[in-house]
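Quick one: structure below, then a few questions.
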Amino acid sequence: MSFNTFGHVLRVTTWGESHGPAIGAVIDGCPPGLALSEADIQPWLDKRRPGTSRHTTQRRELDQVRILSGTFEGRTTGTPISLMIENQDQRSKDYSDVATAYRPGHADYTYDAKYGVRDWRGGGRSSARETAARVAAGAVARLIIPEVRISGYLLELGGDAIDRSAFDTAQIGANAFHSPDAAAAERWERAVDEARKAGSSLGAVVECAADGVPAGWGAPVYAKLDGELAGAMMSINAAKGVEIGDGFAAARLRGEDNADAMRAGPTFLSNHAGGILGGISSGQPVVARVAFKPTSSILTPVQTIDRDGKETEIATKGRHDPCVGIRAVPVVEAMMALVLADQKLLHRAQCG
Amino acid sequence: MSFNTFGHVLRVTTWGESHGPAIGAVIDGCPPGLALSEADIQPWLDKRRPGTSRHTTQRRELDQVRILSGTFEGRTTGTPISLMIENQDQRSKDYSDVATAYRPGHADYTYDAKYGVRDWRGGGRSSARETAARVAAGAVARLIIPEVRISGYLLELGGDAIDRSAFDTAQIGANAFHSPDAAAAERWERAVDEARKAGSSLGAVVECAADGVPAGWGAPVYAKLDGELAGAMMSINAAKGVEIGDGFAAARLRGEDNADAMRAGPTFLSNHAGGILGGISSGQPVVARVAFKPTSSILTPVQTIDRDGKETEIATKGRHDPCVGIRAVPVVEAMMALVLADQKLLHRAQCG
Amino acid sequence: MSFNTFGHVLRVTTWGESHGPAIGAVIDGCPPGLALSEADIQPWLDKRRPGTSRHTTQRRELDQVRILSGTFEGRTTGTPISLMIENQDQRSKDYSDVATAYRPGHADYTYDAKYGVRDWRGGGRSSARETAARVAAGAVARLIIPEVRISGYLLELGGDAIDRSAFDTAQIGANAFHSPDAAAAERWERAVDEARKAGSSLGAVVECAADGVPAGWGAPVYAKLDGELAGAMMSINAAKGVEIGDGFAAARLRGEDNADAMRAGPTFLSNHAGGILGGISSGQPVVARVAFKPTSSILTPVQTIDRDGKETEIATKGRHDPCVGIRAVPVVEAMMALVLADQKLLHRAQCG
Amino acid sequence: MSFNTFGHVLRVTTWGESHGPAIGAVIDGCPPGLALSEADIQPWLDKRRPGTSRHTTQRRELDQVRILSGTFEGRTTGTPISLMIENQDQRSKDYSDVATAYRPGHADYTYDAKYGVRDWRGGGRSSARETAARVAAGAVARLIIPEVRISGYLLELGGDAIDRSAFDTAQIGANAFHSPDAAAAERWERAVDEARKAGSSLGAVVECAADGVPAGWGAPVYAKLDGELAGAMMSINAAKGVEIGDGFAAARLRGEDNADAMRAGPTFLSNHAGGILGGISSGQPVVARVAFKPTSSILTPVQTIDRDGKETEIATKGRHDPCVGIRAVPVVEAMMALVLADQKLLHRAQCG
């Protein structure tokens, strides 16, 4: 990973600001001959698109992707795939008060401290809008790993967790929260409504499982599959924690309880490891969890300073998600797809 | 990060197996003119060294580091620094029963699945012995960031956490567990003794804080400081989770409670963010937490299979740490130092 | 360098095919705060643009560049700069006979052998059209190294060399051949006219000098300034040879004649080395030379095979440069600028 | 390529100075299961070893390589292969007069300008001794490409070229100059004797051909096979020029003469291209040529300055090769092997 490029042999470079003319991704190293058109990418972008329910930002973006290179007669050519999404609803004026002060919890201050530039239009490059480019790239990555099925969902919202025993895969696509537990989705709806009205925001925990990953993907010791996933997930806006398998709970288990016993097949009698041992996939489902903090841009006033260092307070009036974790689900899935596809190719390079 | 190399402009390549003749690290991109001798590295290795208390593996290693290149008249020259540590106490015979079956929870099976090779001598490259090379490299990284003070300690062992209100920095070096809470250290002593006698093992949570990091380090969006830390920490043996700042707890806060308000200075009224906003350091202490699972090599028999796929069970008799999290503390510190030093140089490249 | 990305800390990713909707470049790692608008890039593109004289392809392209990201209020922000140039005159039908057979000397056969795809529209990604993206990126690189003046010119065309004693810098921009020798330019005009009429093509040698490079840029041993330049120049379409300083002629000198003696200052009494010693700039002008083969797409019929392996012959009727070396001059300059800017930042990373 | 690491997926990091305790290479990404012992590497080192004839430096080095990691029971494991060669005949005192002044043509001045360090012991890291590590790594790379036969030889020494019509492969190993022309070897013997006695030195041109490379290796546009070769070859000490196929002579051919016509097979009727079209191998022999300048360390006094900038003159008395080009032959072969092996794996990653 280097600045704005992600991956080893499948390399994705994203570009664009929240309020510039467009955002995009260049995907390099994609195998040739894969059937690819905009129709393979658009559904994933639609899943992430803002404005689809009252629980997400009311910014209206069509998020229509265009393939500018890398395909010929509907198939990938092996050359870079350039994807572009034009920005449409860029009401920069919404940000006029943000322009003068830093939003606590946001990247406003640190970008300015680093670059000496204050692009106040919706956070510029630090905006979660960049994640649309990840989702588009992830759609291409999925084509490289047809053997893998990736499923992301919300485990927890505002501290309220699902009931694991009520986990129903069919529910995930049936509510606005990607919740596998219908009852939780109902409670979350009320919670998000309340937070939005209160000018507040909520955090969330996303889980993502990848089935069908064969044993052997991942590359010790600094390109371990879990290390790559952790880096990839933590690079998503608002992410504050990453777990693989049992994660922090594993630190509370005894050795004999944490060890996933093996039987002929091989099969495993449990999956505390989350499908990764020594940085290499074991053939079990690869499971990652990501914690998202509550949105930093809130209507509730917070103490802050302006660019001159003077004390003030700020209330962010723009159109913001009351819970960024909801729309993070397809982004987490995309990062899972990108890491797995890259590791598949990397494995093929070394091991044939 | 690529296979066995870590970093962007400060690049560390480690090599070596648990039971080969030696292990080592090559550090590339180190600034010239820094005073460096073995004496700058050895104390950190001693901190990680096995066999210093009954709570760690009884393998005896002097872990004496030798600088083979990159210095002249006691100073770094800007050329690669090659560090080598000879292995001494490699009782391969200890592993004779391990040779025939896979240890559940260990990398035995996945390495074999990936490479078709079964180096049964102490886990080969997957052994935590590799982390000695990281600690040696981390000692060099520290010299690049003299403005930063890094402190690692155990927060939790076997599910038993310290009392934050009893946090005493002076205690950290005063007990065998790097515990900032003397009472917890006493309880942990009993817990580790119990687990060792029971042929079991325990997990732990390590926290690491870096003070003195100026605002501006880190590089969005795929080389974010938190993304890099997450990848680095998760690449440590037995790590299963990483948090920055409040981590998973942030997902349970409301926006106004999570936002670290700013006052003139700038100072921050809290540090929920763990010193990183938008992937860039804010000037506050950088705080990361890492969860370590219990050691996989345990005396308690576990169901497993052998290389032919036949079902059997295994009890690992070698000399193993009952809690790898204890000796992980200097490793976590080393990864923190390596990430920060690399990001300092990277920041200097782009922003002068 | 990796597939379609070039550079270490200043990284350029280019994308696009000759006959797709557009081509482009994403520049990552550019320092913030540099004044940048399309007007800083367009003049260099115009210099490379086809159709400006009868000596180059008659394809008509405006080559109008658009900055899609990475600037705010006319200055670079430190985030990725996305440049796009729309293709306009893509007469794919011109290539109908090319579609069925491989042009000898061209990448037609090897791309097909590698990827199993035959994008016959003007060479697809292998087209020299890609070099427009390099020129655009090079224009940005120039802003990072204001202390350096880069000058490229033709030394030789169709085997007819300039007279070094008639070298006149003012002439370079005054003729269609970037020739520093007016008499040579006249002879070349006749030669190119003759070749075009004969349905043939000619090769050329380009030299590029960079004045003002301070001593100390370059990074041994695998990122040497000369190694980087050689890789960069050889990656240009149709390049077959690269020399630094005296190049192959140095192999014919005796040691005492090749050594550039030093006097106080330091000044050097000669520059056989081309400004690079041990891979690091010496403070003298950095001088590189690149040999370009004659255009492969010619009207003269050549024996070849079609995709089914059947023998045939081919005469390329499209609109092609009779001498690609002429339009290569701004491309060579761009690669010089990109390498130097990257090495400047890399030097700053390590040595402050 | 980054500082001291070379390659994309087969990555080689070298370390060590001319007069330190040892030099070495770490090879990462090597496929598992290859038979490898010191006996596979030693012959290539012996070919490069100094002191084997009176035409090379009289420094005595056994250049005995030791494998410190990455193999198990005589086969590669897929983990990093660490190779070490101890320095033995390090007569640092030989360099006492060099310590006070810069050798013109050598890296002495530029290393000092860059790093502010003057490691006068035989050039430190800039010494051609580093190339032993490349040769060792190249021996491993050869095992990855058993389908390829690499042959390097001297074409020209001190400006005196071989007679191509007298080319005899059997002669290459039969004389001290790797000359395929016995008559040239005799002339070169006299020339080198004369130069050594005169306290002077001579340049040389090395050619290297790789047979058996299948069509399809190489990756446009910035990891082209020829671009990679050019960068790799120019990174060798004393290299000043690189050509692929006809090289600079191609710039003097007409299009129809340069085009390698194709017939069924496919076979090619000529190989002006040197086996590479559009940066991708064509299935023909890959041919590169490298120009080496005369050794900079000569007994003939040359004007120079000392570290304080005062004017002086220098005559280098150490033990130096009168023609570094001779011992460069196995180094050029090693770089060819490393580039091809890396590209083979890279091709496998993307195209399966």
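To keep things simple, chains are lettered A, B, C and D as they appear, and every chain counts its residues starting from 1.
Criterion: contacts are C-beta pairs under 8 Å (C-beta built on N, C-alpha and C of every residue); 3 or more make two chains touch, one makes a residue touch a chain.
Computed from a predicted structure; not experimentally measured.
*Asks:* Between the options B-D, A-C or C-D, which interface matches A-B on more than half of its contact pairs by residue number?
*Replies:* C-D
*Asks:* By mean C-alpha position, what chain is farthest away from chain A?
*Replies:* Farthest by centroid: D.
*Asks:* What is the distance in Å between the mean C-alpha positions of chain A and chain C?
*Replies:* 39
*Asks:* Using mean C-alpha positions as chain centres, tell me how far chain A is from chain D in Å, no decimals.
*Replies:* 46
*Asks:* For chain A, write out the residues touching at least two other chains, lowest number first.
*Replies:* 2-5, 8, 14, 29, 32, 78-79, 114-115, 125, 220, 351
*Asks:* Show which residues of chain A lie in contact with chain B when the two form their complex.
*Replies:* So the residues of chain A touching chain B come out as 1-6, 8, 14, 102-107, 109-111, 113-115, 125-126, 130, 156, 158-159, 195, 200-205, 215-224, 226-235, 237, 239-248, 250-256, 258-266, 269, 272-274, 276-283, 291-296, 298, 300, 302-305, 309-311, 325, 347, 351.
*Asks:* Hey, which residues of chain C end up touching chain B in the complex?
*Replies:* 8-9, 29-32, 78-79, 220, 345-346, 348-352
*Asks:* How about chain D: which of its residues touch chain B in the complex?
*Replies:* Interface residues on the chain D side: 2-5, 11, 13-17, 20-24, 26, 28-29, 32-33, 66, 68-70, 72, 75, 77-82, 84, 114-117, 119, 121, 124-125.
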